[in-house]
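Every chain is named by a letter (A, B and C) in the order it is written, and numbering of its residues begins at 1.
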Amino acid sequence: MSDQPSALISPIPLENVPILQLRARLKTELSDGNRLGLLTAMSSPNGSQIISLLVQTLSGGVRVLISQLPHDAASYASLTPDIPQAHWFEREINDMWGIRPLGHPRLKSLVIHDTYPDNLFPLAQQVSPALMRKRNNRAAYRFSVVQGNGVYEVPVGPVHAGIIEPGHFRFSCLGEVIENLEIRLGYVHRGVEERLTNCDWKAMRHVVEAASSDTAAANAVAHAQAIESLAGVQAPPDIQRLRSACVEIERAACHIGDLGGICNDLGFGAGSAAFAVLRGTVLGIAEMITGSRFMTGVIVPLSHRNMPAKPLCTAAANRLHECRKQLQSTIPLLLQNSSAIERMEGMGVMKHSLAQDFGLVGPAGRASGIDYDVRKVFRLPEYDCMEWQTPNLYDGDVLARAKVRATEATTALDLASVMLASVTPVSAPESVVELPADSAGVGIVEAWRGELIHLILTNSDGVVARYKIKDPSFNNWTALAVAARGNLLSDFPLCNKSFGLSYSGTDL
Amino acid sequence: MLPALLNYLRGARQTRGPVLPDLMDVNRGLPTLTSSPCIHNEGCTTCADGCVSDAISLSTEDTAMVTLDLGKCLACGHCTHACPTGTIAASRITRTAVRQRSNLVLTAGVTSPPAATNMREMFRNSLVVRYVSTGDNATDMEVNACMNPLFDASRFGIQFTASPRFADALLIGGPVPLAMHEPLRATFEAMAHPRLVIAAGMQAVSGGLFTGGYTKADGVGKVLQPDIWIPGNPPHPWMIIHGLLLAMGHPLAFANQLDP
Amino acid sequence: MSTSTAMLLAELAVEALVLPLLLVGILRTLRARLQKRTGPRILQPFYDLARLTRKSSSISLETGPVFRTAPAISLTAYLLVALVTPWWGLCAPIRGDLILVIFLLATARMAIGLAAMDTGTAFGGMGASRESMLSIFVEPTMVLALSAAALVSGNLWLNGLAKPSVIAGGSAYVLPLAAAALWLAAAVETSRMPIEDPVTHLELTMIHEAQLLEYSGARLALLEYQSALKLTVLYGLVAQLLLNELVIREPFERWVGTLGLILCLVVAAAILDTLLVRLHWRKLPDLLIFGLAFSLVACLLAALRG
C-alpha cells in the first residue's frame, strides 16, 4: 500500500450533497470509519455553501462535500445533535458567516467577541471601516450557570498568571471541586483566514506560520501540501523528507517543553530545569538546519529555502541521536517518580467513549484509546525509514497523556535523526504555481498536538476563495473542559498542561 | 528514578558563557544595513519585491536609499540573500532592543538620534515583569526560555510575577487584537507607578502580517505606549533579556546596541 | 533600661532586619543552583525591598480599611513574636508565654485572611479559605510542640527555652519530636514544598500567595519582609529545641549553634523545594497529621517524664 502515491497528490474529490441530506449522509459516513476533518462555510455566487471535509481513516484519503444553501438563506439545520464533533465548527460558522445552525444545543459566540460591531461577519462580507465604526449592541456572552447551594464561580483570565496565552475559564465550584468548566476563547482572534484569502500567495506561508507560531513547521508543511495538491504537483522526495524531519523536531521540542511544564506545575523544580535544557538543545538543532529556532521561513511549496548541506544534516542527525540518549535518562525523573505518578494518576480523565464522540486527536486522543495518527493513516514514504509505533493508552488521565508525549518525543527524535541522515540536498526552483479553478487542495499533517488540516478552495478564476485551517486544538478544547470536571481546582493547571492546547490556533 | 536524579544532580551548571552573545552563525539573525552603496537608482528592487511585510522601502530622492524597519521584519532572510550589493546583510547581534520606535527603522548612513528618556535608577537591580500574551505563542515560549537554566534572567534580578500589582514592567508579545485591548489596558491600569511597557517581537511592535485588518491587531502601540521595543519573529531569548536589561538601565545593555 | 538590655535590643534589631532577608536570598540562590542556574544574587531580596519601598501603591477601589491596615497588623504581630521568643539563641527582651505566641500568629493570619476577603476577588477568598483549612492542623501542632518544650523546661515562658538554668539534658525524644512537629508547621506557615510551591505562581494552586495578590508598593514590601521574618523566627525556634536537646548552655555557642542550625534548615528547604512534588490538596492532611502526632507524643512523653 505504501507504493501508492499519497492520496493528497491526486485532485481532491469534490461532491455536492444537498444540505437537507447532509446530516444523514455525514452520520453514515462517520460510522463507516471516516472522520469529520472539518466543517466550514464558503461564499459562492449562488449563496453560501457548507463545506465538510471527511478523512478516510482506513484507506488514507480525503473527500470534500459541498452543500449549497439556497440564495439568501442564513440558516440550516444544525448537525451537532447527531454529530457532536461539529459543535465548535458550527459556532464558528455562526460567528464568521452569520449562518445560523438551527437546533444547535448551545449556540454562543466562539471567536467574535462583544467588542466587535453588530452584524460583523468577517468572512461573509468585505469589512469596511464604516462597518467597524458602527455601534456595538452585541448581547453580552452568557456563561452557563450552575445552581445549587454553595456553588460559587471562579473566573480566571483572559490574562493568566503564567506565561501562557489568553483565554477565559469560568469554573463553577463546590468547595474545591470543579462542577463545571466553561472555556471562552477568541481573545487572540487575529483574522488569519480573512488575511489568507486577501494576500499574495508568497505571503501566505508566513501568515500560516503565525497562525499558531509554536507549530510553525507543521503549519508550513500543511500549507505546502495544500498548494501542491491543488496544483497537482509534488515536491522531490528529499524535500519531503526534510520537511517531515522538521515536523518531528518540532514535535520533540514541544513535547519535551511540555513535560518540563508538567514538572513545573507539579512544583518539581529539578525536572522542569532538566527538560528545559533538553528543549534548548533540540531548538539548537532546529536552528542548525533551518537558521531559526522555530523553523520558520524555510518550508515552502515545491521547494525548500536554504537547503542544508549534507554534512550539516549528518551532524544534526548525530546530535539528535545524542539528544535522544539524554532524553531517555531524563524521562524517569517524571515517569518513574512515584510521587509524581501519584499526582497524575486518575486526574483529568477523558473516557474513551467521550473521546470518540468529541473526535479527539493527537496525543490527548491516543491517551484515551483513539488510535488515530495522520502519519500512519496517510503512510508518507519517508516514515517507512524505520520501525516505529504510536503509543496507545486507555486510561485517559494526565499520566497517560504524559506517557504518550514522552514516548512520542523519543520516537520523534529517532525519526528525525534517521530522516535527516538520508537527506541529500537537491535544487528545486520555487516557481510560481498556477492554481486550477473550482478545485480543492488539502494539506494534512500530524502536528505535535495532532491532526492539522489546511483546506484551500479556489473560485472560478483560480483565485483562493477560502483558506481554512483546522488546528488540532480545535477538536480537543471541549475534552479539556469535560476532563476537568470532578477534579480539584488546584489540579486544573496540571490538567491543562497535559493537554497543552493552542489558543491562537483555535481563535485564528 | 534514583539513577536519573543522581545523573541530574551530577550535571554541571547550565548557565554559562557570555551574556548577550551574538547568535550562532547558522542562525539567520535579523537584517541590517551596511555601508556598501545600494543600486536602487539602477532599477534594483530585489529586496523590497520579496519582502511580504513591507519592512523595506526604497527611494531615489538624493542617492539610492534603502530603509529597513526591523519592527516589521519577519526575519525570513529573503533580503539578506537577495541583495546583490551586500547593502542589506544578516546581523546576529542580540542587543537589538531600543527605546524609541523610530530607532528600529534603519536608514543607510543615518545614525538615529539618542533616546531622550533615561530609564529609572530604581529598577537597576530588581525588575518584576508581568507578561501578557496576545496571540504569538512562539514569543511566549521564548519568554519562558528566558528563565530557564540556559539563559537565566533571574541572575540580573529579573523575576516574572502572576499579579500585575507586583509588576514594574508589562511585557507584551503578539499583535494585540481587538478582544485583548481591554484586558491589556486593565492589566496596565492595575500596575503601580512607575511602570514600564515593553513590546516583544515584531508582532507586538507593528502587528506584523495582521496589521490593518478588522481585528485591529496593530501592535501594542495602538493601546499603550511602549518604553522599550524588541524586534524579532519571535525574538530570541537573549533579545528579550536585552530589552529587560535596557528597561532596568543595566550597564550590560548599553554596549554596541542599535539604540545610541 | 540597663546598657545590656539596650545592647541586646540593638543586636536583636540588626539580626531581625538583616538575617531574614539574607536567609531568603541564600534560599533562592541555592534553589537556583540546584536547578543548574546561576540564580539571583544573595542580596537580591534587599534590592527587591528597596525597589518596592520606592514604588507607589495601586489599590483597588473595592477595598476598605481592613485591606489597607492588614500588612501593618500582621507585621506587628510577627515583630512581637520575634521579641518574645528566643529564636536567635539568646533570651528575648520581653517575657511572653506560648499562648501569646499562638495568639499573635493567629492574629496575623486573621488579618491577612480578612484582607484577602476584603478585595472581593475569587482568588483572595479561595486563598483565605485554604489557609484557614491548613491552620486547623498548624495551630494545634504548634501549641502541643511548644507545650512539650515548656513541660521539659518547667515553665510556660518561651524565654525559658534559652535559659541555661532550665535547660534539661536528655529529654527522652521529647525535644526532637517537638522540633520535627514545629518544623512541619513552619513548612506550612512559610509556604514550602511539598505543601505549597513558592516558585511557579499559578493562581489556581496558590494558598498563601493567593491572599496577597492585590498588594503593591510599600505594603507589599512589608509583607515580603514579614514572610522572611516568619521563616527566620520559626526556624530559630526549631533550632532552640534541638540545641536544648544537645545541652548547649554557653550564650556564644548557642548563638553560633542557632545560626548554624537555621542555615541547615534553609539548605534543607532549598533541596526539598527542588526535588519534591507538590502534594495533592486532599493528601495534605495525611502529611500534616504527622506534625500533630509528633507533637502529641512529645507532650505525652514530657508529661510522663515529669
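In the analysis below, contacts are C-beta pairs under 8 Å (C-beta built on N, C-alpha and C of every residue); 3 or more make two chains touch, one makes a residue touch a chain.
This structure is a prediction, so every number in the text was calculated from the model and none was measured.
Taken as a contact graph, the chains are fully connected, with every chain touching every other chain. Comparing mean CA positions across the assembly, the chain most remote from chain A is C.
Inter-chain contacts peak for the pair A-B, counting C-beta pairs in contact.
For the pair chain A and chain B, the distance between C-alpha centroids works out to 28 Å. Centre to centre, using the average C-alpha position, chain B and chain C are separated by 42 Å. In this assembly, the C-alpha centroid of chain A lies 48 Å from the C-alpha centroid of chain C. The set of chain A residues that touch two or more partner chains comprises 161-162, 270, 273-274, 277, 337.
Multi-chain contact residues, meaning those touching two or more other chains, occur in chain B at positions 5, 9, 11, 14, 148-149, 160, 162-163.
With touch defined as above, residues shared between interfaces to two or more other chains in chain C number as follows: 34-37, 201-203, 275. The part of chain A that touches chain B in the complex is made up of residues 113, 115-116, 120, 122, 127, 132, 158-159, 161-166, 186-192, 194-195, 199-200, 202-203, 206-207, 210, 212-214, 216, 257, 270, 273-274, 276-277, 279-280, 284, 287-289, 291-294, 296-297, 305-306, 312, 329-333, 336-338, 502-504, 507. On chain B, the positions that touch chain A within their shared complex are 1, 3-5, 7-9, 11, 14, 24, 26-28, 50, 52-53, 74-77, 81, 131-145, 148-150, 160, 162-164, 174-175, 177-184, 186-187, 203, 208-210, 213-217, 233-234, 236. The part of chain A that touches chain C in the complex is made up of residues 152-156, 160-162, 176, 264-270, 272-274, 277, 337, 339-340, 342-343, 488-493. Within the complex formed with chain C, the chain B residues making contact are 5, 9, 11-15, 122-123, 125-128, 148-149, 152, 154-155, 157, 159-163, 165-166, 168, 190-194. Residues 32-41, 44, 47-48, 50-51, 54-58, 60, 201-203, 206, 209, 212-217, 220, 275 of chain C are the ones touching chain B in the complex.
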